[in-house]
């Protein structure tokens, strides 16, 4: 009994620790990659950890316009992200919570996070943040179908509705499914960039508020709320990363090997994002929808391939 | 059943004392309605918990036709939202109607009658009782919409509503006539197998779809809905949107429950209409800047979602896939209750905004979150639920439909499930944007007008029902297992012998688990970042702009502009761009509004045309006696010749 | 023989009625027609029935004396001479009248008489007279002329009634006399009112009410 | 004893003409009305089979129609005193006399067992109703009267010819006087077809003119528009019912003779045409009384349509006769009150009735809803069952058209009614002293209440009567045609 239970408990523990500690590393990796590509030294990989620690000690400033909704953004964002992280398997180690249809819950938890973030942005009454909120709402309306078409494709392929089994796909990988799988991956990569507001959709580092989407929504946050915002963003990188990586990962015999594979893949993903960011420029705002539609088409096509 | 009849009587009589009492009439009415609610809900819960349903036959019916009321699980299930919303509305109206013009006692009486006919309609199981309750409901609602009939807009809205509902009723006339022909009697009972595929079955399907579609507000029969909901007093809008529309759904559900073997294309039609209503409904909602119109269009959207569920269930029934059947119907039925809860909540809170600021225009509001926090909370809860975000009730029902659709993918190859999936996903995303717009425009940021700046929190009598509904939303969302058994029982009526049960298909407890996790985490983090010392009085940073001004904010319209532009092919917004000329341009203005596709672009022109035609035929009554005699002569000649020939 | 002659004369009077433009003339023709028809039953050899004789007498007195009297009075009060611009011109009316006569022949052809009835012209004649009356009602403006039209229409019915008068007198007589009475008498009263109200009996004044 | 039904009102008419005191005269009406109704009810409770030789007597059909008329008369009669008190300017000697005369003649018509007598009664009805229309003694009412009289007389003359034709048809069949309906129906097979058909066409046109079937209805809007509401109510519910009855008698004969199909087609066609024609003129109709007049045309159409469909529809057409009469009285009388209060019946001026005359306003609204078929009022039952009768007997096209027309008519009528009833009374309109008083509203409420009860419950005897009446109309001499000397 205990023998069988203990490993799972350890798995869950590890899962939790990964979720709590690992995320801030990813932005660091991305930044590092970009710096290296640009021939700069760049900030240390653990920069975000330092930032968070400092912010946690700072006092927050609140505009007189804001209400409690202003705090709901950061809180909801992180809480939803963490809740979602309980549903997604990391590599081939199963998720702590897993049931038929959790995939929808997963998607809607991110929807919740977005909703609250938008509201807290609007709460400031700032024109810039309103602008960002509007863009976020608009673009996510396109990202959503892409995500769901991907799910539909995987569900069709695996005739299952639980992230655990849907993503543990390659186990049963046959020639028929490779094509669709690649398409799904492509589509989701686009979603990944958009959802995490990376180049070419958005540029987290710019200081031209007029051009920003996500970053501009949190202009007024400071102190611990801002810490939560940053952490939430990195958490999103991790969880969605796990989502798009898992189908691509090979299954290893041992649990610890699976973990290693997963971490490696995660690192590679971060580096990959960094490479994309240093290779491409931001799209014009009007181009962004087309980019996202491309994602929708990719996943949709994948689904069609599976239908016929 | 006796309790139930008492409930009907109590509801009907609720307004009567008010006619004679000088004061406190409202309280008495609310009390009686509360009593009715207790009785009715008690009876319904008994039935839903497996108790025996009752039936009631009218001994002396007109011309020997027996009327019948039957309290089956379906009726009991629909009774829940009806009574919950009615009593909430009654309490709400205490605060809402105080110090308003208009003959309130009479309206209270009508309100009571409306509730009574609703409760009766739910149990009606004979064509005549059904039509009786149906029309009673329609007319009572009409009178309530007309509550503020001094405004021309209200009169127009009321008239449009009256015409629409009557047209629907005429379709029902035909439908029930056909039904009577099939059965040989006008009682409600299951249709013989194989009939659905016949020509009669087809006719029946379309007639019922049209008849009930008008009431439910299915696109393109929805045109009466936005104006009526905007014009009516808010608690009435709540009742209309929350319950009246559902009576159309109830009709469809009853009809579908009679059909043992629906053709596949029925499901297809339902899904198609559902997708249409859902997507266009929310799209048009995005284009609105009148708060209540916006909510009205969202009712259309939710009706669409319900139709998607019904369509899914019908597909399952037609193709013999119990899973789709159970999940589809269960999702649809649960969404019926959920929508009535959160839409009622939304309309009530919108009402208290209107009550204190006197405007429904999103562009003239803002910043109410600080002035009326409780209302803001209620509205936020409603928006949260209507966007289908966990852990509120909206999510659960949509989740069931999603689940059914995904299962459908695994089973059959037909593309309908994916239509359902995509529509739901799109609807979800757009609804999220739309309610971010609505909540942001009304409650967040700085007040855009003095009216908004001087807003007051609503009185307790108005807050109480909101709180009630909000609690219900959260309750169903966090612990769906509470309602699962009842839902299962009703689903068995819709999907008899499906072999599988709801509880075996959906891991509802785990949703509660995640919800709890979410709640705990949220609380923890809030605790961590909660402001400890009183915040210094500072303006929004706004990238250092010194004097942020209410007029600089993103308005609701500008928030939605991107999406409206993206959807312009469907919305066809009418925009008046400002003309900026010269070096020192004079002040100008930008206007945009989204006309209703059916009412403003189709119905009204058609009406004008026919009126012109009629006015040209007026010459036939030209006042000349000889001409009149000529008609007589011609008639005679025509008939004689026809007779000879 | 004799009846056919009378019928022929009636037809003739029909044509002259629609052709004339003078109101007084129209009245005279109507009266003439009335008297002819009043004599008709006697001509048909129904004189042996006392009540039919009474009917004949009544008809002749009413149509030959009472009605002209009423009309003269009305005419004197509203001194109108001729029907100016009728709705339908005289030539056209004449054609229409002929058409109507033809039509009534066709109709009568489709209405077989009882075997052994010798008055085969009766039915077409009555229908023709009926149509003539209608024609006058439809085509004339003056209230008086319209009453004349009504009178002629009445004559048509009377003419048909003669077919039945022997077998079912009560029905025919009651009907015809009452109809006559109502028609003429009440209309006379109303025309009087019209004259008082509009001091003219031109129905053009009577086209206020319309949609 | 039924002869009392004829004699009492006629004597009362003479009395009313003699009495000099207006108030006293006014009160004769309700007295006679209630008396008449009482006698009728007693009579209807004591059915006894009629000897075949009787010239008078009530059978189920006649009894039903007369009952409707009597009730309607009572309602109007109880409304009359208060109304006439409001019109001191007009001497109502003639009015009262003619109203009572009408009641007597209607009773005569209802009891007539012979087409000739029926025709005579119908003719005299025209005679007595003409002065009613002229009550207001102004140019407009005079014009209305003139049109009513000429068109009506022409129609009635045609009806006479038709009656003669049918008599001749019987004559050819070798039947002798007295040609009672019963005899005609028993020997239907003997009647000569061509004459019968021609006779039916003529009577249809003739009595149709009196009923007001399009396109023979042209006198109706003018007459109803220019008379007081009380007369309008009696015309719309009473005179039309008389004409309808006279027509039904002939229709029954035709049916018994086996020419039913022919007659049915005509009836259905006239029904459709009347409804459609009425619709055209209800659209944007600004004059509420004319609106009601066209509504009356529409409902005459519904009646003949139902009869033409036959079976269930025919039965409910007869039921609709009562429903229509009751609700129409409510509508006309409330419209009359509104007219009194605004001194106008035109739309731009008459708005916000529920504010200026609350009771009449509500009654007008409810009456409108009732007449357009809202349950639980009686017209709902009849309209629904006529529709379902049409659809279930294979008249798919007819039934569909019927429903569509009902819908369009509702659309047209509701626009005007909503404007009249709701909103605020126009300011520039001077307010007349008229206020809703129990005396001017109670009869209406009673009428509406009756329509409501009839929609929910109907006493067994009445149902039996209705069934027999229906069978009679269908041309079947029902085994126990309940008749009484």
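Just so it is clear, A, B, C and D label the chains in written order, and each chain counts residues from 1 on its own.
In this section, a residue touches a chain if its C-beta (ideal position, glycine included) is under 8 Å from a C-beta of that chain, and two chains touch if they have at least 3 such contacts.
All of these numbers come straight from a predicted model, not from anything done at the bench.
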Farthest chain relative to chain C (centres taken as mean CA coordinates): A
By number of C-beta contact pairs, the top two chains: A-B
CA centroid of chain B to CA centroid of chain C, Å: 69
Chain A-chain D separation of Cα centroids, rounded to whole Å: 78
Interchain centroid distance [CA atoms averaged], chain B/chain D, Å: 43
Distance between the centres, which are taken as Cα means, of chain B and chain A, whole angstrom: 36
Numbers and ranges of chain C residues touching at least 2 other chains: 107, 110, 134, 137, 146, 203, 206-209, 211
Residues of chain D touching at least two other chains: 146-147, 150, 154, 198, 221, 281
Chain A, residues touching no fewer than two other chains: none
Listing of all chain pairs that touch each other, if any do: A-B, B-C, B-D, C-D
Footprint of chain C on chain B - complex, ascending: 618, 621-627, 629-630, 632-633, 637, 640, 644
Residues of chain D touching chain B in the complex: 146-147, 150-151, 154-155, 158, 197-198, 201-202, 204-205, 209, 215-216, 218-219, 221, 266, 277, 280-281, 283-284, 319, 369, 372, 374-376, 380-381, 383-384, 387-388, 391-392, 399-400, 403-404, 406-407, 410-411, 414-415, 418-419, 422-424, 454-458, 463
In the complex, chain A residues that touch chain B: 59-69, 71, 74-76, 78-80, 82-83, 86-87, 97, 99-102, 104-105, 108-109, 111-112, 114-115, 118-119, 122-131, 133-135, 137-138, 140-145, 147-149, 151-152, 155-156, 159-161, 209, 219-220, 223-225, 227-228, 289, 303, 307
List of chain D residues in touch with chain C within their complex: 114-116, 119-120, 123-124, 126-127, 130, 134, 139-140, 142-147, 149-150, 153-154, 156-157, 160-161, 163-165, 167-168, 171-172, 176-177, 179, 192, 194-195, 198, 221-222, 225-226, 281, 285, 290
Residue ranges of chain B in contact with chain A within the complex: 366-367, 369-370, 373, 376, 380, 384, 387-390, 395, 399, 402-403, 406-407, 409-410, 413, 415, 418, 421-422, 425-426, 428-430, 432-433, 435-437, 439-440, 443-446, 505-507, 510-511, 513-514, 517-518, 521-522, 525-526, 528-531, 533, 535-543, 548, 550, 552-554, 558-563, 566
